[in-house]
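Dropping the structures in below, format is structure tokens.
Two complexes, one shared chain (chain A), two partners (chain B, chain C).
Coming up: the complex of A and B.
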């Protein structure tokens, strides 16, 4: 099976557009530029985490209600490793690499001690997150969808409580502050102004590109066809020799690895992480992106992430302004009401999302196994039992 | 003595979790849906009660007549039962026959929607429910000093209400024709429908009863805690769901038993966690973990005994 070309083109164009965005909005003046970077980098986080979640929810049909625990683990691992011992990790690299000056600093950005420290943190975060998914995944492999969803939700809440209460490690409710920036030339008196605002944005685009590559390659491999088969009809997949437990674990581990990466991207943007970032609402927003875009559709979820990320951030910034203009205080929760309505309306009128998976992309899942997609468990339908 | 006090506190909260868990267990028993928005329905019950009492006796009222309190709380709970029916009609009914994932996501969306609509109506600050004078303060029975075991009118009334509603439910489900229809629907909706059971009526009644009890439970939890805000639904909803699963989802006595167990364990955790030495830090384990009790029990029970304590059927539940 070849890569669906239309999709590849779409994804490449989207990535290039995201790369060019800061340069385009520069022409609109400083305020618009900063605003576009703030909204854009926020959208990127949603796009990354939604792609990660899509592997599990969209491609394998396993509802995970606690993705924020894995994102948070990535962010906390990064924050704690980077700040440990007075930024010892960065100091360690600074002793190795030559000190550069002027524009050489950003041309040879991969020699930057801060960046090298971030690169060291990423694999650790990914491995820890995958271990956590193994820990949670192994005992829950046989659970039905509803129960799996509830276990992940409960797990994320416990993770939140642990982070909040184990202050000796995580600094408790105050969170980890003063996390070093992505590059040494992003802060301090000798910073390069342009990169101090855009470095985390470009890092986000790079992470998104990695995510998209992994997700598309996974889906188009035999492993991906196994995932789709498990989603479409577990029983049929099993009878055709697909090891359901193995594929459920695979999707969980791929999700957790990408989510940890998303967590590090989140950290690079905020340079701060606290238990508030592990809110249950965040998990629901990631889910919202996947549902709106179309479960299983890589392009759709990308659009879903852009749409909801932008909507959320624009409303967060815009609502106070609008409230002031019309003289009536619009509560900030309006955006959550909107997200709730999106979940309900999409499920009712477009259960496959705004950009559903096209038939040809989907081919090779169940169809190859000769089964039909009609045996999924239904919700209180006459003629079926539970 | 302390142990007795913690246990009694746990029993008092536990029956409230049980009342709320009944809503989860009945709905799951009939339509196999985790009604994620049930916690929000309970929260709405408490909010509406507070609003009614504020309208009737003034926001600053100190003493509220007992009869007025009962009347307005009942009114609010009946209204909340109506919300439950509406919730099913608007959100869940159009999805009958589609995938279970869709139904669950809709329920999550509904929970998000109701929670934040509540913020827009009542604000994000803390609310209190006014109670008649002496309702929660006058001890009928007091053992030990000022901080010893005390039983108030509030405790007596929630126990009476719980016993009455459990007996009422037992009578409704086991002894009436309509209860038979409910049990038949839970077993096999198609066959029940062919025997002339009106499924819509059964589902609507289930939502009404669950939401009514949930509203009373929500009000009582709010009174017990002293103050509450829009987020109360998320936590008590999840704990009550844990209780429903612990007792065996679909089983009404199981929901009550599960609620009581979780309530008691939670109270013990609140009392004794700080006495367990922390392996790495001076002082004991943080009492902040009290809230983790419900989730931990939930995960353990799903992993170890998914059919719950009183659940009869294995296999198909999880």
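Coming up: the complex of A and C.
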């Protein structure tokens, strides 16, 4: 199997390139550096969430129209836990972690109270998100896929409304503000300039690496093959011992875990979360990344995330500039129109995505068939159990 | 030990359609047993009940291929697969977008022993299992007559790109990969040329010689008569005859059932021609023609579970 190895190389190169990006753009001056960080970290969120969605939609063929709810759950869990009781969680860690000074602060970054608090928040967010997917999935995953899509769509709307209206818990439409930064040296008097701008970015790269690892490991196992079989031929999957409902649930839970992780990464970037972040369009854009990249293709979805993430952020920053120069206010929604056009073009010319799984080395070779019928079997293990 | 599989009064009704009506039969261990009958006789419906895709309206399914005697009624398809019953489908059901090798590896699903955490941590035991599975999958490809060598082989091709006959063989390889004790083949020779059918017959015998009981549905009478140890004939959902191939061939009821098929099913021509003069039975073209049409019109309904059946 040359396929996975080539893919591993691709993914490693991509991760290293992402790690080096801030150092490279630093040479271009401050403005370019900050812009690259802003666009880069935004892309990372898309890459993470699209990869999470890839497990459910791309690999299992189970359409989820409300992924943003699970990302939002991760972000809100983090925000509320971190800010609760006047940042009590961070205070708790600060209580018994020695205060470091100088370069030790970032060399021993894992001892930073803020970071420890974030690390505490992550498993809670993941568990909550998985519990929610379990609750939502149990009654609905036995229905046909279309019903499930509708249920997730409805759920995301309900989640949005609850977050917006239950202000006693979620701070309502104002959102949770002043969420502590990822490291104590990112803000305040002890601030280290470089990390205050890059910490969340590197955190995003780390989260993406975890996502990619989980997704690739899962896919190259009997679990992933079960998911793919459910997607490609449910009947064949069942007859080979795959419990379809269970595997759909598996994909939903893996998605929800990774999406919650993506939510925490989103929080680390913005240090703020509000109902506006739960926009339905975000769900659609994550889906677009998966479809554009190629359903189930880890590399393709990674590229899809980069493409849509970059486009979105560049337009968000660029549109006002353009509006100003031409003296005409271009509405921000124009970017959705552009996304739609790109999607149509890609679907027209590459209906299986930018980098479909099947496109790799399977072209041609049909002519090789036929002559090998009489080959004597050399090795078989029929009838031996296990 | 008794029969590997026993059908007791097995019945399936689809609304008013009596697809299978109170069928009793046995599949003896180590045998090749054939289930034959005209189009729409209820053969595939029987298979679908055995493998848990349809819930029987009445009757019992007793299976003795595992450790203990099991009643298959009420089990899900995946639970039945775990009891080491494997099958192929009349309408080939591969994962078309996946490679040939991956299609075989799906067959190993019930035999994977690694826990999810071992998968995540990529432990040595998990890797060893994967490597063994891959090697074994290639061996199964070769066993069914598909070349699996890495250079010239077809393992990296998409299953969809295989010619029809090879798809059938691939489905058999996948079924064998689950290490079945009972293998159900639904029209394995359909769409094969005579030469391919010849090779298939050797393959089925070879499978049987490895101790796997084979239960097959087939329209190709040459194949059925040559390789089966026992033949059961269905017509309009009811069992009309059973016995050794030679006995069944002589049975006037069978001849009559197949005579009615003549127009719609050219595959049974050989049989009917031989028996045409001696029997002088009354052909009943209208019934069989309608059965044949239903099958042609909705292959999915015949081969797949309907909404009412989804567990």
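Quick notes on this structure:
Please note the rule applied: the second predicted complex is superposed on the first by the 344 of 386 C-alpha atoms of A that agree within 3 Å, B and C clash if a C-alpha of one lies under 4 Å from a C-alpha of the other, contacts with A are read in each partner's own complex, and residues count from 1 in each chain.
As a working rule, a contact is a pair of C-beta atoms (placed from the backbone, for glycine too) under 8 Å apart; a residue touches a chain by one contact, two chains touch by 3 or more.
Source: prediction; values computed, not measured.
Looking at the shared chain after the overlay, A:168 reaches chain B, while chain C stays out of its contact range.
In the superposition on chain A, A:354 contacts neither chain B nor chain C.
When both complexes are overlaid on chain A, the residue A:192 reaches neither chain B nor chain C.
Residue contacts after overlaying the shared chain place A:237 against chain C, while chain B stays out of touching range. Look at A:284: by the touch rule set out above, it reaches chain B but stays clear of chain C.
Of the two partner chains placed by the overlay, only chain B lies in contact with A:146; chain C stays clear of it. In the superposed pair of complexes, A:155 makes contact with chain B only, with no contact to chain C.
With both structures placed on the common chain, the touch criterion links A:210 to neither chain B nor chain C. With both structures placed on the common chain, the touch criterion links A:341 to chain B but leaves chain C unconnected.
Counting contacts as defined above, chain A residues 377-386 meet chain B in one complex and chain C in the other. Partner chain A is touched in their complex by these residues of chain C: 51-53, 76-78, 81-82, 86-87, 89, 93-99, 101-102, 105-114, 116, 119-120, 122, 126, 130, 134-136, 139-140, 142-143, 145-147, 152-154, 156-158, 161-163, 166, 174, 176, 178-179, 199, 207, 210-212, 304-305, 310.
For chain A in complex with chain C, the residues that touch the partner chain are 1, 3, 142, 214, 217-218, 220-223, 225-226, 228-229, 232-233, 235-244, 357-358, 361-362, 365-366, 368-369, 372-375, 377-386.
Those residues of chain B that touch chain A in the complex are listed here as 31-34, 91, 94-106, 108-117, 119-120, 123-124, 188-190, 193, 234, 238, 241-242, 245, 280-281, 286, 288-289, 291-292, 294-296, 298-299, 302-303, 306, 316-318. Across the complex, chain B is touched by residues 61, 63, 65, 139-140, 143-147, 149-151, 153-155, 157-158, 161-162, 164-166, 168, 280-281, 284, 287, 291, 331, 333-334, 336-337, 339-344, 347-348, 351, 376-386 of chain A.
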